[in-house]
Structures are given as structure tokens and as C-alpha cells.
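Right after this note come the structures.
Both complexes below contain subunit A, partnered by subunit B and then by subunit C.
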Partner chain A sequence: MPSDGNATASPFDVTLPNGLRVLYEPMPWLPTLSVTLLMPFGSVTDPIGNEGSASVLHEWLQRGAGDLDSRALSDAFEDLGVRRGGNAGRETSTLGAGFLAADAARALPLLADMVKRPRFESPEFAPAVELAQEELRSLEDAPTQKMFEALTARFLASPHRRSSLGTPEGLAALTEAGVRADAADRVGPDGAILALAGGSTWEQLLPVIEETFGTWRGATQPVPAPELAPQGLHHVDAETTQLQVGLAYPSAQVGTDEGYLYTLALNVLSGSMGARLFTEIREKRGLVYSVSAGTRALRGLGFTVGYAGTTTERAAETLQVFLAELDRLAEGVTAEELERSRTGLLSSVVMRGESSGATAGRLATDAYYLGRARTLAEVSDKIESATLEQVNEYLAANPVPTPTIVTLGRLPEGGLGLPAATATATEVGTGTGTATGTDAGTEGRA
Partner chain B sequence: MPSDGNATASPFDVTLPNGLRVLYEPMPWLPTLSVTLLMPFGSVTDPIGNEGSASVLHEWLQRGAGDLDSRALSDAFEDLGVRRGGNAGRETSTLGAGFLAADAARALPLLADMVKRPRFESPEFAPAVELAQEELRSLEDAPTQKMFEALTARFLASPHRRSSLGTPEGLAALTEAGVRADAADRVGPDGAILALAGGSTWEQLLPVIEETFGTWRGATQPVPAPELAPQGLHHVDAETTQLQVGLAYPSAQVGTDEGYLYTLALNVLSGSMGARLFTEIREKRGLVYSVSAGTRALRGLGFTVGYAGTTTERAAETLQVFLAELDRLAEGVTAEELERSRTGLLSSVVMRGESSGATAGRLATDAYYLGRARTLAEVSDKIESATLEQVNEYLAANPVPTPTIVTLGRLPEGGLGLPAATATATEVGTGTGTATGTDAGTEGRA
Partner chain C sequence: MSSELRFDHVVLDNGLMIIGEFNPRAVSAAVGYMVHAGARDESPELAGVSHFLEHMLFKGNERLSADDINRTFDELGADYNAFTSEERTVYYGAVPADRAEKLLDLLTELMEPSLRQEDFDMEKKVILEEIAMYQDRPAQRLFELGNGRFWNGHPLGNSVLGSPETVGNMQRDAMRAYFEERYAPSNVHLVLAGNYDWDAMVARARERTAGWRDYQVNRGKPAPEPMTGYERVADAALNRQHTAFFAPGVPVETPDMFAAGIVANVVGDGSGSRLYWELVDKGLTDNAWLSHEAQEGAGAFVGYLSAAPDRADEVLERYREVLQQVQDEGVTPEEWRRSQRKIATSLTFRAETPLGRLMSFGTIYQTLGKYLSVNETVELVMSTPLEAGARILAGRPFDQGFVLSLGPN
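Right after this comes the complex of A and B.
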């Protein structure tokens, strides 16, 4: 039966001579193929003074490649019904595509040309920059997203604190020649990952990939290791109706042995409608409309991000309950909670395993963050085999550290009323919390 | 091969004696089953003075059912790893679930109990109301969504113009007894649709459905026919960075013969990165970060909604180009554009057909808006068989009517500089554009 084919097979995994790692997971019951090309460039490695270069570069290289100008390239993708995606991120940027598996030999060369032979034509430069500027401006109307940018900028000390959208100054300083040089420096195959999943075969795909992506040349730059900023409490004043509350603390990397134990526990806190956070903050007290906590990954640093959108009046109680729930994790979870968490995670694994796009994405991020792609069977085994004792021993030995907190909106007059132990451990900042290239300082790449 | 099983089979489709329509599309290669329960209640049929009742009712009925209180119900779902969803809308509200197909006989009774035997316990009422209030308040921090609420309120004259989130006054006026009575009046099986898709069999599912949903009793209310408001141009002042521009006009209903021709044409305008709107407004002029146009459905009324997020300075040009592109549709599309549009739509059909959740959703909305569920083969055939002549004849005979336009943000000093023909046909409103129960007036249900 194909339905469990994906749960048992190891994905194909080879590294081409040019350094590109290629992974493929067959899903022979699907008529489509999904592709994720993950590249190790992003705002972290933006040249100092040119913050936002990765974002513009990522847009520009999709505007004409090889023999095709911007319009012709776009038409060529559409002639095949290719769905395209991708984004420019902090550590990495991606290009994604989904199409009929039968069209792979025609779609993959187009995708490869964007990184191998981008045309970087002059008339396409200004629109690419303007789009990036518009995206940065639109952040002003999106308080939740703006708070998360501020949280990242306060939580991290390394250039990972920079926004993937760049800065107004950095974008304004970009030149065509500068971005072309930046692309030559950063958009190469070494360290990049090409992940595919869907209804094709390795025998059919590999020759096409070798012929297209195998001849990709270009340099890449090492991504620096992430570093934490001192824990703190920061506020961004804004005329919003809701108070946006975000918090972050380092935690076990997903996919490691400790990561499974932590994920099972965090899922007790915020995995579902019956989870502790949802019950304590949302259902019992009606304090917020949204509340959540989830894991995030940088290479070499796992961390957890929490969020609550609440009113100024309810902010203090919301935050207090949130922090108390994080502290309470050290006391462990019950057998019943663990079983529910386990069931929920296993169910997620099965459901995500049905999608070629999600599968290609998992292969790429596994290879990047963990160094290898896990099979679904391995993920399920790890989730199934974790014992209550292991989870609770892990939680007792690894209490949640005091998080860095960022609020955005209007603070209550009495402040956030944090318990003394937390308040004395923190300093209240007044900056905007927005990452700027200049204060990321010498850690950026010159 | 299972890969095209879903493209050829007709879905199972029966109406139970209590009026509930049940549809099922087997996807035997999947280990999961997705369910959408679509019910004909929403803000359109909210009692006058109690705007938001549907939203609160929808939340409250998920907080305990049958023998299980709120917590126990939530735990029961989690014990099975059920992923839940759903929302309270204008005409209809939904409950959704995804789970392992093998658990159907245990998950479906829980889902059925929420509508058959909601407990509507007193302690759960206030939190349900507070959540609805918080959701309404959060709209203030979401300018795009707020603009769309204003656009709907200005585009429609019937109670469909009301926000699905209710009004502050309506929510404040809700009582436990009132919402319980409202539920008895509106949450019944007649006119409701239960759509399922995934890895089970009709023989296994039908007895379970008959035993659970077959014994559902309760009244429903007819949903009134939608009526259009006079076309107009309206502005909502707000201190935003972007100017939010929305427009709406009636158009062919998706899934009808005319609907296929119109959808193929609209896809030329806004289906992809190479589409006209994207090229003219975004790529060539860099006027906006986001621009799009898409079809929407009410029962008995198809319409199209356009969106652009731009700056105050660029608003006039953006809107002018947008309106010119809508007008230009009457001149037809080229053979090349049609083929690309066709390929893109066919590709979407295949990709959405891979997901059990998307399939269950399609069955439910087809049954509600069209009266019957289409097969994917039928959809593909219609898209494949439309000729250039048919599309262009349709476009020439059905030019896009002057849309109702709503802007939100800060208007440019010189106004929007609309061409005289458009400007004289419109009146500039100054209201907030927010739908209120009171001015929906006597069309609401008393």
C-alpha cells in the first residue's frame, strides 16, 4: 500500500560535486512533484550598510534567467502550470515550486536557471527594491509582526537579530552593481539543499538534476553562529488596540533526542484547544483572543517563542499566567497529558506526511538544521518511545529560563506587574526594538 | 492507480431523513479522513439587536457536549489526535475535523454531539462572549481586514453586509437564555451539509453517520437572498502607513458554465506572477506590495473582490491602473493568455485534489452554492473545453461593472484622481463603513 510507503523509506540523499545536497522522497501515489531549494544566504549575511540586500537579490533573481527575460521566464513557468513560492529569510532563503511530476524535465531547468544564470537586468532592479521597501513599510500596519521583529532583535545578539526585510537605510543604499556582486558572493551551490518529494522516481530525477543544478557555480558565505542577547524586558510604544506580548527563550533543538522530550512537553502547554495555555489564559479567563508557544530553529540554536494578543487592562494578568505556566513545566506533565500530546504529534506527522510540499520542506529543513533528513518512521518512533519518566526528568533538569519579553502597544499605567523575582532580573528598555544594521555592528559581514 | 481515483469517481451523496445532506469522496490511498460540517447559520440570520450571536453560539457549542463538559470534550478529541477547525461566517458556519480514518467511529460521535447535544453551560458563556469581543477588537489592529469588512458593508444591502464578528452592542446584549434559544432556532440538520473525504469506505462510514448525525434534531432558518447596495466610492479615515484599497462587483458564480469562462478570464488578470494585474501594477510600476482579484460566493450571488495595499502617494495611479485592467477585460484575452490561465487552473485542481481537507471543503461548498458536488473530472473537463471564442464572447457581452470601492487609511490631498466617468457615477461616503446591526434594519430576522 502506498499509504505507508513514506513512513518507512529513507529519502535519497546525495551531494553533487559542486556541493549541492539533493534529497528526494518518493510519494508514488501523487501526480505532482514539489521542490524546495534552500540556500544559505539571508539577512544574517547581508553586507553591512546594505541591510535588505538578500531580500532584493531574492526578488531580482526571479525576474529573468538564462535566455528568458522576466516576462518570458514567468510565462515559461505558467505554461507548465508551475506554482511558485519561496522567501528570503534570516539564515536561509528558499525558492519553491510545485508541478505535475511528468513536467519535471521542463520545470527543473527553469528553477535552476534562476540561481545559475540570473539576468539581473537593470530595468528590473528598481521595482525589486521598491517591493522590498513596500513590504518593510507594511510592517507598520501589522503590529503582531512588528512585535515579533522587535522580539528577535532583543533576543539575539548576533546578526540573526536583523529583520529579513532589511532596513530603510540599507535598502536605499543598494546599487545594481552591489547586489550583483553580492549574488556572486552568496548564491552558490555549496551548502545549498535541493529537496524534492512526489510522484516521480530517483532514476528519472537524478539525471535531470545533474544536468541542471549540477552545473551551478558560485560562492557561498558561512552563516555565523547565533548568539543570545542578555535576557530583558522591552516595550515598544504604539497606538494599537491590542497589546502584543511576545517572549522568547532558548530551548532544545527540534529533532534531537532532547528536542523530542521538550516538544512533547511544550505540546502539553500549547498544542491544542485543551492545552494548558489555551485553557488557563483563553478559556478560563478570557484574557486573550490568541495565545500560543512554539519552537523555532536557527542552526545551532533551538528556541521557543510565545505570543499573546490581549488588552492593556488584561496584559499584566495574561503575562503572569503565561510565565507561571512556563515555570510549572519543571514540575512535569501527567501521564494523561503526555499521552494526549503524543497522540496529537503522531497525528500531525501523518497528516503532514500526505503533502508533497510539506515533505519537501521537511527534507530541506532537516538537512539544514540537523544535518540529515529524518524518515517519518524515525520521527514517529521517537515520539512513541519517549517515557513519562524521560520527559519529566528532562523538564526537572531543564527549567524554562526567564524569557526575554517584548510588548508592543500601550502599557497599563501600573506597568506589567511582574512578580518581583522576574522584575528584578530584567531591565525595562525603551527603544523601538527594531533591528538595525548599524547596531548589529561588527558581527555583520563587511 | 489511486492517483487518479479522485478525478473520475462521483462522490457519494445522500440526504438523511432529518434533512442533513451527506457527501463522501473516497481517497483510499490516504490514512486520514477529513470532515466539514457546514451549517446554514451565520451573521446574516443573527437576531436583530444580537449581532454576533452566531459567533458566540459557534464558540459555546464547542465547550462541552453530551456527557462531556468542556474540558472532557476537548480531552476526548485530543485522545484521538483530532485536528479541529471551523468558523462562524456570514451565511454559514462550519465545524471541521481531521483524524485517522480508523478512528472515524470514535471521532464522528464527538463531532455530532456538539450540534446534537451542546451543554451550553453557564460558566462557559462569558468566556465565549469575551473571545468574540476580543476578536472584534483585534480588527482595529488589522487594517486590511477592517477595510474588507467595510467593503462588504458597502457592497451589499441585505444582512450579508454585517460582519461575521458581530457588533460591540450586539455582543454586549447577548444573554445565555437568548443564545440557547437562538441555537434551538438555527442549529438543525435541515439544509446542513456533512462532507467527508479520505481513506475510509462509504460502507464503513454510512452506518456511523446514520447513528450519530442521523438522530440530530433542531430547526434551521432560511438564509435570505443577498441584495446589492448601490455602487459607490467610500473612504474610512485611519492612521495607517499603507492605504488599503478594496473593490467589489457582481460576477458570474463559480461552477456555472459562465463561471468557468469568467474564472479563466479573471485568472489572466490575477492568477499568477505573470498575470496582468501583477505585471502592470506590481512589476512594471512597483506601486504596491500586494495586488489581487478573486471570486467570492454567496448563495445566489457571485462577486469579485479586488485588493491593493499601497501608499497614499501611489494610491491614485494604482487604482487607475486597476480599473483600467478591469475595463480592458471586455476586449478579451489572447490565445496565449488563455492557455496559461487554463494550465494554471488545471494544475490547481490537481494539487488541491491531493488534500482530504481541501476535498471535503470543496464538497461542502459545491453542495451549498451549486446544489451538487462536482467531480474533479467535471471541473477539469469544463476548464479544458472552454474555447477562446467562448471566453471572449462572454467578456464582450459582460463588461465588468463599475465596482464599489472602499479605501482605508489617509487619502491623498488631491483625492484619488479617478477619471471623470467613474467619479460622476459615484458618491463619496464618509461613514466608517462598518456594518452595524441597526442599519441592516428590518432585513434581519427578529
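Right after this comes the complex of A and C.
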């Protein structure tokens, strides 16, 4: 029974001789199987001058592998009704698949061939680059996403600040030979994670995985440690109806002891329609439709990202209330708030355990960020055992630092009315331009 | 898994129908009120009232304030929300199985709103921000505009959000009247999925809705006379040309609904479709698709294309050629089978969670009055013959298309 069958059992977890780590969580009541292949390459490790190489590489990989050209490979997946997914990210890139568990022995070899034996055919290169350029151009009409790209570019100093979509210049500079060499350098099994969850058995899966992914060869590159840029306040001018407001600050890494305390507290701030941000900004003042704050992870750096979208004339008040709520966290949460937060997190742990895709994703991210996959029982236990004193001591000792703020849209005439202490904007002095190459400029305002 | 599933249904004395798909394996229970009232039921001056009302139901009544409601959902650890479409308004949540009855209680409170003036005034601001948010999303704006023009006066062209004017001018009494005309118990389905105690849930619902009084609700289903042709709306602030495509489809009540869905998948699925190979694979656009929307009394093929302004005309021409070609030549048995399998896989994955099941079988039940398990739905898709698709294409629906383009051109 899923009600307790998966709670305490550790997932299967082996590392193949080639370095690929394989994790599997059985969900025997399901007819489905979900797979996430997480690989340690992304825009962070793109060669300098070739920003966007990971994005193109990720697309090119999927355009023919082994004995099958691009069309035949796609047809082979579709003959099995496989749902495919995945994306090229900053630190890591993924390939995902979902199919009937009974088809695992036919679907997994196709997935493995994409990384083991990509054809990298010449005629497929230019369209892969064109497609990446189209994705980058589409960002121009997506103000929220564009603001988040600018926020990341301002919050981080290391190559993590780069967009996973690359830059126009970087994409234009890519060559077939260059991307093939890049693939040889970065698409390998060492440090990669293959996570599976669903209605199969380890005894059935492992031989198939060993036979297919076990013979994967290739190098990988270490991902550099993330570094923060100095805190700052930045604006991007754009003709939008709403001002997009984003903020970011470093916070405890999810899955660590402090991370549990912080997650419980953040869920009081923004985890539901009863949370503080929603109540104060939307319910009491009607300032926004959308407001939120959530944790993000890079390896070695946890951080929190906040968002509000509001019309220009209400932006100053929105931001003021948002920042006040971040500050108020240091005063602690009430016993009732903590219990509601705890209940919500526990319930979400249980309910996400019903989905094979969510479970495979959790295994992969746990293994990547924490080095091991947690059991649901461990997660629940950590959430259950945190006391009010622990949470509030943590919050008092770790007040939310002044966030880096990025706005995109039209600023109010009177500015955002931020206190002087917050408005000590700092230029990000790396000189590499922003991730999208379209940021209208940095301006601090007091 | 499906051999353990059990379907139950009952109609209470007040007219409320309760339907449930019990799954003893599930750890959660999903509960939803599906109200058969949406944008298509609105008069022009009340455009957006269904959606605004959806927000207002979370504001409570004499027993519960908005804060109480939000807090209680949190105390239950509920994953919950609501949405409004042209066809219906749905209030739903999922909780660990032992809290199903409490979730039912809370959702039932939502269905008895006070619609207080001060809440109405505050929430109006939130709705106007939501409309502003969609103004910044060109594809959303495009479909709001395009849908209205394509349906050409048919209620399916009504805007779910409404406009700043209709929402801005809306009065609480008009919303109250709309509520009292549309939220009759017999116009609502209470839908359960996952792990719950059927008898206890029914007893609870019976007790809590004992005061509800039923009345007759009618939905207009005029014959559609959709628009054809090509229109542009210029917006120099945009960087891409966003184009929507509409063509007559089949209504949800016809058996051809599944065939139309498969045709659309062959032509315009996100991967492996004709549009994918002709446009996305070649890098001409990052986004080109076609789907089929089967609604009550009418259906439509709906498509989208995003392109760089300097080659938008060329890419649109190719898009239309793909549609022409599939009408001229039909689809191959391999294409048909692949699309059937893709749709079947999607249905199977969606069935992993009780909330996913609630939406799937609840919507079908409310529309067609019959229960389909996931296996039955998959079987219907897999047994739909290619000839059914050929019949639809022989009617050359894409020749009667309507195109709306929004962007700098």
C-alpha cells in the first residue's frame, strides 16, 4: 500500500562503474514509469564566447541517435507513446521520459542512445541553433520570465548568472565542430544521475540499465561554486501594463537541518492563500493578483526568490509591504502559523508521493544537491520534529538579508520609495552584460 | 489498478448529484464542486462575472471570514484552488485521505457565500490586476480577442476575465442575481476521487446542503456561425508576431470528439506532429501547435504560432500549407496510431493522482452524463478508427478557418 509502503524504505541507489548514479523508487500500484536523466552540464559551464552551447547541445542530442536519424528516433519514441521532456538549465540539464512500465526495456535504450550515441548530423545543426535563437527571442514578449533572467544576472556573480538560453552573440558564434567537441567534454556519465519511479521492479530495471547506460562513456566538467553579486537595486525599462518585481537573497539550503527550519518559516510567509504575503498584499490591500516567495537551489547555495506583479501606481506600496514582511520574519512565527505550515508541508510530501514524475524528480534533485535521496519518512520526521523555539531562534539569528531587487516595466514617477539603506545599488562589475543582452541598464535610486 | 476502482453516484433530494471514483490504493482524497456555469452563460454587460464570483466564494459567509477559509484550508494541508472556463466553474482540493470530510465541509461553506460589499470592492482590485497581468502576455490577449471574433456572437466567444470596463462597472447585486440564477443544486456536481468513505461523504453532503433549494437552469446553445478570414491587430510594443488560428470542430456530445482530438494531435502536437516537423524542427519558430476543443453544442480547432516579425508571413503560410495538405492527403495509419498512443499515455499519467482523476471523469460526467474509467477512456481513444478522422478532414474544416495576428506587423 502506498500509504506506508514507500515512506520508510530507502530507494534503490547504485553507482555504475562508469560513474552514473542510478536511483529507483518502486510504486508498484502504478502502470506508469517516469525517468529523469540529470546531467551536470548547463550554461554555467558553457565555453566563454559560446554562451548557449548547452542549449544547442541539448537540442542536437535529441535529433538522431544510434541507428536512428532524427525522424526515426522520434517515431520510435512515439510508437511507444513515450512522453518526453527535459531542458537545458544552468548547472544541470535533463532528459525526461514517461511511459508504460511494461515498455521499459524498449524505451530506456532509446533514451540511453541519445547520450551514448548521438549522431550530431550536420543538417540538424543549423535548425538546432535557429530553434535556440527563437526561444531567446520569445523571451522578449515574456516580461515575467525576462525579469527573472535579469534578477539572476544581478543576484549572482559566477557564471551562474548566465541565462540557460544563451546570448545572441554566443549562439551566433557556435560551430558544428565546436559543439561536438563541447559534447565530448561535458556529456558523460560521471556525476550524472538516472532517477526512475513507478510500477516496475529493480530486478527488471537494473539489467536493462546496465546494458544500456552502463556502456555510456564521456567526460564531464566540474561545476564551479556559485558566487553572489553585491546586493543591489536594478531596473529594466519596458512597455508593460504591470511592473514585474523580483527579489532574491541567500537562504538556507533545502534538505539541511537549517533548511527545514527555514522552509517551515518560509511556508508561513508564502505557501498558501492563508500565508502572510497573500494575506497582507492581496487579501487586505488588493495590490496584486500574483505574489510569492520560494526557495531555489544551486549546488552549495540556497536562495529565495520573491515575485510580485502589480500596476505601476501600486508598485511602491506592494514592495514596501513585501519587504516589511521579510523583515518581520526575524520576529518569529506563532505556534498556530507553524502548525499550519507543518501540516501543509507534510501533506504535500504525502501527496507528491502519488505521482511518478514528481517522485523521479525528487530523487534526482536530492541526489544532486544533497548527495543522497531522502526517504519520505525522513523528510516527514524532520518537518514534524522542528519546534517553535528552534524555528524562531533560527529566524532571530538569521534575519532575511537585504535582497537584490530587479524591476521590469514602467517605474512610478515618485520611485519605489525604498529606504536609503536598501537603495545602495551596486553595479555588477563583470562586464559580460546580462544574460539576455537586453537589459536597458542599471540604475540605483535613493 | 483499475479493477479496484469503484464508481458511485447519487442524487440528493435537493437535486445535487454526487459522483465518486473510489480508489482504495490512493493516499489522498480529492473533492470538487463543479458548477455548470461559466463565461458562456453571461450577458455582455456582466462579462467576467463567473470568474469574479469564483474569487468571491473564497470570501466566506456569516459563519466564516475569508481569513477563516484560507486558514482552514491550511489546517487541512489542502492542495486547493478554483478555475473558471467558458463551460464551468470548479472549486476543488486534495487532502490526505483522513481529512476528506473536513475538506467537503469547507468547500460546502464556499458554496454559500455572503458576497459582502467590502470584499467585493477589494476583490475587484485583484481581478483588475489579473486582467492587467494577462495584458502583458500576448498569447493570452490574442486568444481573448480571437475567441470573441471567431465565435462571432456565439456565447462560447465570451471572455472569461471580462474587460476592465465590465469588471470595473460590475455591481454586487448583479453578481448576487447571477449566483441565484446559476448555482442551483441540480446545476452542480459534487465530485469525489481517491480514498474516502462514500457513505459518510454522502451523509455529510446531505446534511450540509439540506437548506439548498433547487430551480431550473437553462443554458443557451445557439448554432454557431463562426467567422472566417484574416485580421491583424497592430501592437508596436511587441517583439514577436503572435498568430491564432481557429476552425470549426465537433461538439463534445458527438462520438467524433475523440477523432477530432487525434486529428489535432497528428497535425499539431508539441512534438512529432506535422507542424512540429515543418516549423519547429526547422527552427522557424519555437512554438506552433494545433489542438481541438470540444465544447457543449460546438467545437473548434484552435492553434497558435509565434514568429519573428520579418518572417511571420512566410511561417504562417507554411502553417496553412500543413493544414491544407492534411485535408488533401489525410493522415497515415502510423501517424494515427502514434497519436492515439500519446493521448493514451497522457491520460494514464494524469490518472496517477486523485485530483487528476477528479478533473477527467468529473468533466466528462458533467458534460455527457456518463462515467468513464481511465481504462475505458483509453479504450475509446485506441479504438477510434482512422476513418473517423478521415471523415472530419473530408469536411475540410480548415478551409473555414479564421486567423488573428497580433504583433508589430
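One rule holds for everything that comes next: the second predicted complex is superposed on the first by the 424 of 446 C-alpha atoms of A that agree within 3 Å, B and C clash if a C-alpha of one lies under 4 Å from a C-alpha of the other, contacts with A are read in each partner's own complex, and residues count from 1 in each chain.
As a working rule, a residue touches a chain if its C-beta (ideal position, glycine included) is under 8 Å from a C-beta of that chain, and two chains touch if they have at least 3 such contacts.
Predicted model, so just to flag it, every value in this text is computed and none were measured.
Novice: Tell me the contact category for A:Y369 with respect to subunit B and subunit C: first, second, both or neither.
Specialist: neither
Novice: Just to be sure I read the superposition right, which of the two partners does A:Y394 touch: subunit B = first, subunit C = second, or both, or neither?
Specialist: neither
Novice: In the superposed arrangement, does A:W60 touch subunit B (first), subunit C (second), both or neither?
Specialist: A:W60: touches no partner chain.
Novice: When the two structures are overlaid on chain A, which partner does A:F125 contact: first (subunit B), second (subunit C), both, or neither?
Specialist: In the superposition, A:F125 contacts neither subunit B nor subunit C.
Novice: Applying the document's definition of touch, where does A:Y249 land relative to subunit B and subunit C: first, second, both, or neither?
Specialist: A:Y249 sits against neither subunit B nor subunit C.
Novice: Where on subunit A do the contacts from subunit B and from subunit C line up?
Specialist: Common interface on subunit A, subunit B vs subunit C: 1-3, 29-32, 63, 70-71, 74-75, 77-84, 98-100, 126-127, 130-131, 134-135, 137-138, 140-144, 239-242, 272-274, 279, 282-286, 288-290, 309-311, 339-340, 343-344, 346-348, 350-351, 354-356.
Novice: For the complex, give me every residue of subunit B touching subunit A.
Specialist: 1-4, 29-32, 62-63, 70-71, 74-75, 77-84, 98-100, 126-127, 130-131, 134-135, 137-138, 140-144, 199, 239-242, 272-274, 279, 282-286, 288-290, 309-311, 336, 339-340, 343-344, 346-348, 350-351, 354-356
Novice: For a test of understanding, state which residues of subunit A touch subunit C in their complex under the given definition.
Specialist: 1-3, 29-32, 34, 63, 70-71, 74-75, 77-84, 98-100, 126-131, 133-135, 137-138, 140-144, 239-242, 271-275, 278-279, 282-290, 309-311, 314, 339-341, 343-344, 346-348, 350-351, 353-357
Novice: Would you mind writing out the residues of subunit C in touch with subunit A in their complex?
Specialist: Checking each residue of subunit C against subunit A gives 1, 25-28, 58, 66-67, 70-71, 73-79, 94-97, 122-127, 129-130, 132-133, 135-138, 237-240, 242, 271-272, 277, 280-287, 306, 308, 334, 337-338, 341-342, 344-346, 348-349, 352-354.
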